[in-house]
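You will see two complexes here that share subunit A, one where it goes with subunit B and one where it goes with subunit C.
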Partner chain A sequence: MKITDEIRISDNGFVFNSKTGDSFNINPTGLELTKLIALDSDFDDIKEIFLEKYDLDDLTFENDFYEFCALLKHNQITVQEDPLDFK
Partner chain B sequence: MEKMKYEKPGMTKINAGMPSKFGMPVKQKIVAEIDGITVSSLIEEYGSPLFVISETTMRNTYAEAKRAFDTRYPKVQFAWSYKTNYLDAVCSIYHDEGSWAEVVSGFEFEKALANGVDGSRILFNGPDKSKADLIMAIENNACIHIDHFDELYLLIETTREIGLKARVAIRVNLDAGIYPIWDRFGFNYENGDAWNAINRIMLAESLDLIGLHTHIGTYIMVQSAYAIAASKLANLYMAIHRKFDYWLKYIDLGGGFASKNTLKGAYMPGSETCPSFDDYAEAISNALISSEIPHENLPVLFLETGRALIDDAGYLLTTVLANKRLNSGRRSMIIDAGVNLLFTSFWYNLNVYPTRELGHAEESTIYGPLCMNIDVIRDAIVFPQVKTGEQLVIERVGAYNITQSMQFITYRPNVVLIDERGKTHIIRKKESLETFKHVELNPKRS
Partner chain C sequence: MSKLKITIAVTGLNNTDNPGPGVPVIRSLKESSVFDVRIIGLVYETLEPGIYMEGLCDKIFLIPYPSAGSDELIDRIEEIHNREPINVLIPNFDAELFSFMKNEERLLKIGIHTFLPTMQQFQERDKDKLAEYGLKYGIKVPTSINLGSQSQIHEIKEKMDYPVMVKGQFYDAYMANNAEQVKQAFNKISAKWGLPVIIQEFVKGTEVNVIALGDGLGNTISAVPMRKQYITDKGKAWGGITLSDHHMLEITRRLIRQTHWKGGMELELIKTPRGEFYLIEINPRIPAWVYLAVGAGQNIPEALVKLALGHEVTPMESYSSGKMFVRYSYDIIVDLEKFETIAMNGEI
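The block that comes next holds the complex of A and B.
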């Protein structure tokens, strides 16, 4: 899963997709996740970072992470080339 | 080092040119308690989902309605609409406030009698009155509101057979300027059916015509429709006096006052657009007082309002079972209360509120727990992210939901009344397997 080339993300969570013309606001944790995904970080690494930083359990994080990934994909912010790649 | 507070990652699509239609930021209302009792303690004690009825709200709303009419018209009598909510505890509160009973079946009639209502204070409406029902009504001296000619002739026949007189009114349907016209009930005013029925009744020695009744519809958002209906009944009232030199005792304008719920497809919320009791009272009272009827012969005004009296007093407490992201990207959640408990969700956008401050809100769909595609409580509501187990409150469900709730897939929940002293009472028990064992028979296992 990678962030497409047409996506621009500002530091305050504003996301613009020049391909579709859509724009989005991402909340701070969403922005943090998006940035880590953009760096091609591994799920386990991202989880570790979040669990260390936030008052959060691993199952909640996993549930929220995959839901957020589905949102990114749905809004064409990321592409998932391999349908079995859930990262 | 103390860890930071976590907020679920979320994103919102920006729709340029589509601000809030009211031009204001959406402020999420929180309902953490009902009449001073926390939602969490109610669910802990009585389970979830849970219907809660506030006696204080019931009595306050009744007082508001009564004041609106009493200050404008000399003789007003409310009759509690049993079908709106016929739990005994609910009916008893309205009877305690002075309401008569308005029933539409033999079952409701029996319930009213069992609640201690004197038979002469029961208005018997509806198209379904069996001979046995009519005998019960006649013997109890009830006011029978005749719906059609077949019922009129059955009533004449029945009174002859049992040798008792019946006190009757006719239900009149009329064009009050709103559509659809409810012409399936009663006798039509415009085509002369109502006048024909009145003449037939006046000729029947065993029938004592004492009133005129109409019910122009439900959730009527235009108070002027009641003024038109009242004027037409006043015309009939005077016509009867001119022809028979006889004054009827009452005019019954029925119910149909809108509650503050918002109809699906409405642009503005019901709380902003629905007429108040004062608006309805002003329209009806003015129409009657300014009619031809001499002041000293003004009839008693009966009102059978149900929905507007009880809707605000009912709450449904519910718990989030799951969150789900749909294929379309829309967020959805599943709660433990379905459309089988919330019949009014088919035509209202019911208000659903969290019980505490929550984070990021986005447009969501709220599904009930039934394994049925139609089980949708709200198809589009801006709602904060919630976790499994989060408790929510659905407001304004006091009217029709309990009487029309259906046992389906799972048991129906407890109904709890919070009395005026803040004490809770179960007024209808949650169903269990025993409930069904009690009424089911299995010839294969006898």
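The block that comes next holds the complex of A and C.
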């Protein structure tokens, strides 16, 4: 899973897709997650960071993570050649 | 380096809710780094807002509608030229282009330069010939039917599903969900723009546009893609944003290379959710959102003037994506004398 070159992410959570002209607002947690994905972080590393920082369990994190990733993909913020690639 | 002083005549000062490109074209020319421009505004109506905008035109003349006859229009241009010598003329309406293209040589003989598409380029992209155009240049276009009369409306459901787009030859487009709505749109459009009325398959997706300039030799001098962000009930962009889409640029460059397009143009495309592009229209002139391209780094009117004067122009490759424009309306207070002068004397 990769954030496409056309995506610009501002520190305040404003995401702009310069290929489609779409823009989105993401909350601070979403921004944190998006930035980690942009850095090509491993799923396990992201999970570790989130579990340490927030009061949540494994299952909730995984559920929310995959849901968020699906949202990013749907809005063409990420591309995912292998549907099981969440790296 | 001192700027070259030239006089440019521009039409399309109707900055209404269906704006002509004249005002943004003038604004772009005034920002030229190479030309010091004197602007002659050419208007068809006494209430075109550009007439009353301070600091826009140095001189304004009323001209007759092309429907009054090409000769009458060109005679008037010659008459204006005798008093205020024009170096370059930039027509901005589809409906007047035919007259100016037809009289290109006559104008050049007296020293008025233009940079317009050839008659063949202009005619083959007519809306009623879009299917053949798509086939010839290998570009996807929606299925269409040209209606010469209401009796053909029943043919629509044999060729495509509703909803469909009902379009006039030059302007106007309505979406119709059934034959009855097609009939209503047909009557409105045929009364205003004549026949045929074009029925186009409705392609679901996002409307995106490209403004471009071809040098007539197959080179793309400028191309900037845009997505309308706010659309008026007339389908006009009231806000837009530049895009970074290589596919759109490639479609444009290929089309200009194949057709050797000369002059300004606007490609209207639909991008489907699957990422395919359908060409729905080619406007054979600079569009009203041209100033966005200037703001993004490509001064198309300036480049067009250079080409018209035979100057060498290097293709502009870069622009800023994510640049936006937002239109606004503004009330100008006008003294009656100004209106009276243009109405009575035909110039101001």
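As a convention for this text, the second predicted complex is superposed on the first by the 84 of 87 C-alpha atoms of A that agree within 3 Å, B and C clash if a C-alpha of one lies under 4 Å from a C-alpha of the other, contacts with A are read in each partner's own complex, and residues count from 1 in each chain.
Going forward, a residue touches a chain if its C-beta (ideal position, glycine included) is under 8 Å from a C-beta of that chain, and two chains touch if they have at least 3 such contacts.
This one's a predicted model, so the numbers in the text were calculated from it and none came from an experiment.
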Which superposed partner A:F68 touches (first subunit B, second subunit C, both, neither): first
Contacts of A:T20 with subunit B and subunit C, given as first, second, both or neither: second
Subunit B or subunit C, by number of subunit A residues touched: B
Partner subunit A, residues of subunit B touching it in the complex: 3-14, 16, 323, 325, 328-329, 359-360, 387
Residues of subunit A defined as touching subunit C within the complex: 6, 8, 16, 18-21
Subunit C - residues contacting subunit A, complex: 206, 208, 226-227, 229, 241, 243-245, 271, 321-322
Contacting residues of subunit A [partner subunit B, same complex]: 15, 22-30, 32-33, 50, 52-56, 60, 64-65, 67-68, 70-72, 74-75
